[in-house]
Amino acid sequence: MTTDIGALLRRHGLLLGFGVFLLGVALSADAFLSPGNILDVLRQVSITGVMAVGVTFVVITGRLDLSIGSMLTLLTVIVVDQHNSVGPLLAILITLGAGVLIGAVNGALVGLVGLNALIVTLAMLSFLQGLVLFYSGGSNVNVENAQTTWFAVFGRKSLLGIPVPVLIFLVTAIIGAFVLNRTVFGRQVFATGGNGTASRFSGIATPWVVFWSYVISGLTTAIAAIIMGSRVMGAQNTIGQGYELTVLAGVILGGTSLLGGAGSVWRTVLGITMLGFIQNGLLLLGFPYYVQWLVTWAVIIAAVWIDLGAKRGRILA
Amino acid sequence: MSTDPILTVSGITKTFPGVTALDNVSFDIRRGEVHALVGENGAGKSTLMKVLAGLHQPDGGQILHRGQPVSVQSPLEARQMGILLIHQELSLSPELSVAENIYLGAWPTNALGVLNKRKLRRDARAALEALGCGFGPDRRVGTLSVAMQQMVEIARSQAFSADVVIFDEPTASLTDTEKDQLFATIRELRGQGVGIVYISHKMDEIFELTDRITVLRDGTVQGTVTTADTDSTAITRMMIGRTLEAYFHKAEIAFGAETLRVEGLGLDGQFDDVSFAVRQGEVLGLYGLVGAGRSEMVETIFGVRRADRGRLIWQGREIPLPTPRQAIDLGMALVPESRKEQGLVLMMGGLDNTTLPHLSSYATATVMDRGREMQVFDRYRKALAIKTTGPDQPVSTLSGGNQQKFVLAKWLCADPRLIILDEPTRGIDVGSKSAIHELIAELAGRGLAVIVISSEMPEVLGVSHRILAMAEGRLVGEFEGDAMTEENLIDAVSHHLANPAAQ
Amino acid sequence: MSVRTVVRAKAPGAPTRWLMRNHIWVFLALTFAVFSLSSPYFLTMNNLGNVLTQAAFIGILAIGMTLVMINGEIDLSVGAVLALASALAIGLQDHIGVWPAVMVGFLSGAALGFLNGTLVALSGMHSFIVTLGGLIGIRGLVFIYTGEDALMVTDFSYTEYPEIYLGPVSLTAMIFFALALLFQWVLTSTRHGRETYAVGDNLQAAHDAGINIKRHKIINFTLCGALAAIAGILLSMRLGTAEPNAGKVWELWTIIAVVLGGTRLQGGYGSLWMTIGGVLTLAVLRNGLRLLNTPNYVELMVMGAVLILALAIDKLLSRHEVGR
């Protein structure tokens, strides 16, 4: 019986700890669990959340995507700048297209050519940041008719009392979870990450599965950029810097293994949301924003360690 | 040769979940003898070897080393005692030098941890010279040939004054000249009074080299005999221990039309000039030693590897060399050699693994239809008597036999026209083994063309209607009816140069 | 004609093998030649001295990264550790004196490295995750200590310590080279160094030979943290201030430099000679592009392109390698 409780604790210890945290903050800050604050948190995590849905696909294939931070910056600059030149609708289409294209470049280099994912996306991180400066000429861009454009709907408006970005996040997660769990492609993503060789022997074109996973990651980053552009109504040259880390932290916290083959969109959503609540709760308690980084560190280590402990056979080294 | 045992194994038992790998095994190794350990795949040789080398702990029994009872907890301990295992996969670091590899983990240093390279080099050179190696201690191991790398491992016996050296299939990837050199080295070790355990499938090597032979079958010792007093027939009989006719079922049906014809298939560096055909209802055996290119050849037919030349004629029509996807869609199935690496996604459940090659068949507009998947899963779980708790139990937690049945299920459920089975019974228990043999007969009876690759002589003789022998990347003989004998097969693969391919 | 002889016929000749291990020096020579021809300011003692000094900071980080990577791991936290050490060295000197403050900065790096290494070795977690956490959390520590604003030295003699030159070569650059040579010696001539390769190269073989894998990983992460702290202290001396955001994304530049040099992420392969080559190439590229007055985006784009190129070349060359 004690072992059952132990196993239960290991499996759900993270959620339990999170619950205790929520309770603790709620007791000391009344506003914390008010509907308004909860929606606020969800709105804040919607950008990283949307990106994390796409990155989950890449991570389940056993690869990484570090380029999404720079990609977010570039795509936000593009959507804002194009909004000024060709109008919102075309700007959105161009941005989605650009996201898919960048994802395809990542996917081609990692999936089709077979280069190391960490280094390729690291190189893309640098390359895309350069592209940002090239595109913007080093200056910030702003939406000119910020007060009147319907583009504002993606980042600033609400529908039935729920902020639109939260709805976008939710829809993206639902679609992502559906594709991953219910479709042929989703099954192939798990198989590729679980055992690439066996997948090839089963007739799965694993290079293309990796390729399309990166395309999805590019696409979700483009959606995030649209939300970002709409919320800020502008873009600085470093607007997406560091997002790759937050997103990866959320994915890892959700329990998706970096080794591939296991993970879920809903757990990623959970991981990202937990990070959001931790950040919000600490701010409400009066801590400066950077304290959340320290807590994130501790939470990631604890979460992954507990997770490993639950699955561990004997690990060498 | 003295009769003084240096290592005595008595009553060793080792069980894994579902399988008794070693059952009350006893034998001894004397100073200055080469002692062969033979048996079919799965007979327990490698488990026994791993017990001796400290990689597995026995469940019961005793090991006496120089008369003292010992318990070998790790490979390091084994090495310190003087028991050295030469792996099939070499345990070397390619980036380090020969000398560093010989003394891996035991380098001479001063108190500050600075290497004494002079001493290291000098000692290593002495070890190499004692064995007559033609390379120096400073070579980077990554630049050595496989045979030379093996010598580096053997040189550890000198460095650590090993008195027991265990060789696991050491000639699997050596040329004939290299093999002769290896044998000279082994005789040199024997001359030093080292007790040598020699594990091999190759009868000619065993009779050329060894002094005594211990035969294992199904985890038990069948007997230990003096090599000079026996012959390969007697040993084989001990290994098999049963009459083939009673054990295997062959469907006696008239063969149908040609399912697949292969012409002049070749892949550089692996195999060449492979031509054969297989008909409906026929079980075609493919016999050859490890490294003969059999797996590479069928993987090329199936499209996992890209052929450099050759033609495939499928059901009478020439087809372009397929990708695995195309091969599957045509109706080919390949049950690969390595269940865990090539056959299954271990963290997935049985259901996901079963439908993996045919996902589109279980999907409507790319959305998976779980109901249809469940149907096929249930059907094959019953048909193959697979023991699993449910569709989502990760196959990593199943026994080898049940895992193999899922590999079979995943290929059978699409109703293929040709099924290629690469070592289908390796490492699984006897019960599952005979179930798979029966299944092969049944499939042929239903009109499938079946290709069975096996390095187990009795298996290939027992299940096949016709046998191709393969050696060093070439087909070297074809046998049918009464010509399908052990002697003929061994003859073909060992004298392939004098007796070129029949086709 | 046996199968094996066919395979062996493909073994590389000596020139390919040399190129496989040393392609970074060809790269360096090429970039050097290009900038010498295209900018009159490049090939001057003064400028080359500058290049070396600029190279030194990433270079010192890269030494630790190389050790960790040969061991088969990665450390993403070096930039944050650098910032913390630099903040402590400046922030504490008014309270406990210059050299004790420097010492505390150094020890903080070693301690955080030890923590990373211990977590990796004990938990079996991927070092990418452990040090990603560290990268985020240690930056939090820096901000908690500095409180968002840059710390300034009050006694400016602190900034004069590294102002020692040997010809055009600054003390900082000399320290980089000295450390690189020291650790190259450690890698080639000590038990720890050689076993670092053994662990990264063939974990199972190292384990079977009784090599204490955990200890080597902990030592290398500790060294990596300590070296990052040294880079941070030198940076604080050079700038006279400690920015809370100092060293941000430097871990990426460091990985780029090391990989560019030829050390492999998979472990077991690499050297500090390669890393020196990678660091210098990176520095020459950045310096040369600036001298040519190219906008700064060119630098970022060239770096990305060069890195992918280096990876592709490595893949192409290693296809020929035997025995791997």
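Letters A, B and C mark the chains as written, and numbering starts fresh at 1 in each.
In this text, contacts are C-beta pairs under 8 Å (C-beta built on N, C-alpha and C of every residue); 3 or more make two chains touch, one makes a residue touch a chain.
Note that the structure is a prediction, hence the values are computed from the model and not measured.
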What is the touch distance from chain A to chain C, in steps? 1
B-C or A-B: which has the larger count of contacting C-beta pairs? B-C
Just the number, please: Cα centre separation of chain A and chain C in whole Å. 29
Could you give the separation in Å between the centres of chain A and chain B, each centre being the mean of its C-alpha atoms? 45
For chain C, residues that touch 2 or more chains besides their own: 204
For chain C, which residues are in contact with chain B within the complex? 2-8, 10, 17, 189-192, 194-195, 197-198, 201-202, 204-206, 208-211, 268-269, 321-324
Residue numbers on chain A that touch chain B, as the complex places them: 182-188, 190-191, 194-195, 197-205, 261-262
The chain C residues in contact with chain A across the complex are 74, 119, 121, 123-126, 128-130, 132-141, 143-144, 147-148, 199, 203-204, 207, 213-214, 217, 249, 252, 255-256, 259, 265, 295-305, 307-308, 311-312, 315
Spell out the part of chain B that touches chain A in their complex, as residue ranges. 302, 304, 323-325, 327-329, 334, 336, 341-348, 352, 356-357, 359-360, 363, 366-368, 410
Chain A residues within the chain C interface of the complex: 64, 109, 113-116, 118-120, 122-134, 138, 241, 245, 248-249, 252, 258-259, 288, 290-298, 300-301, 304-305, 308, 312, 315-317
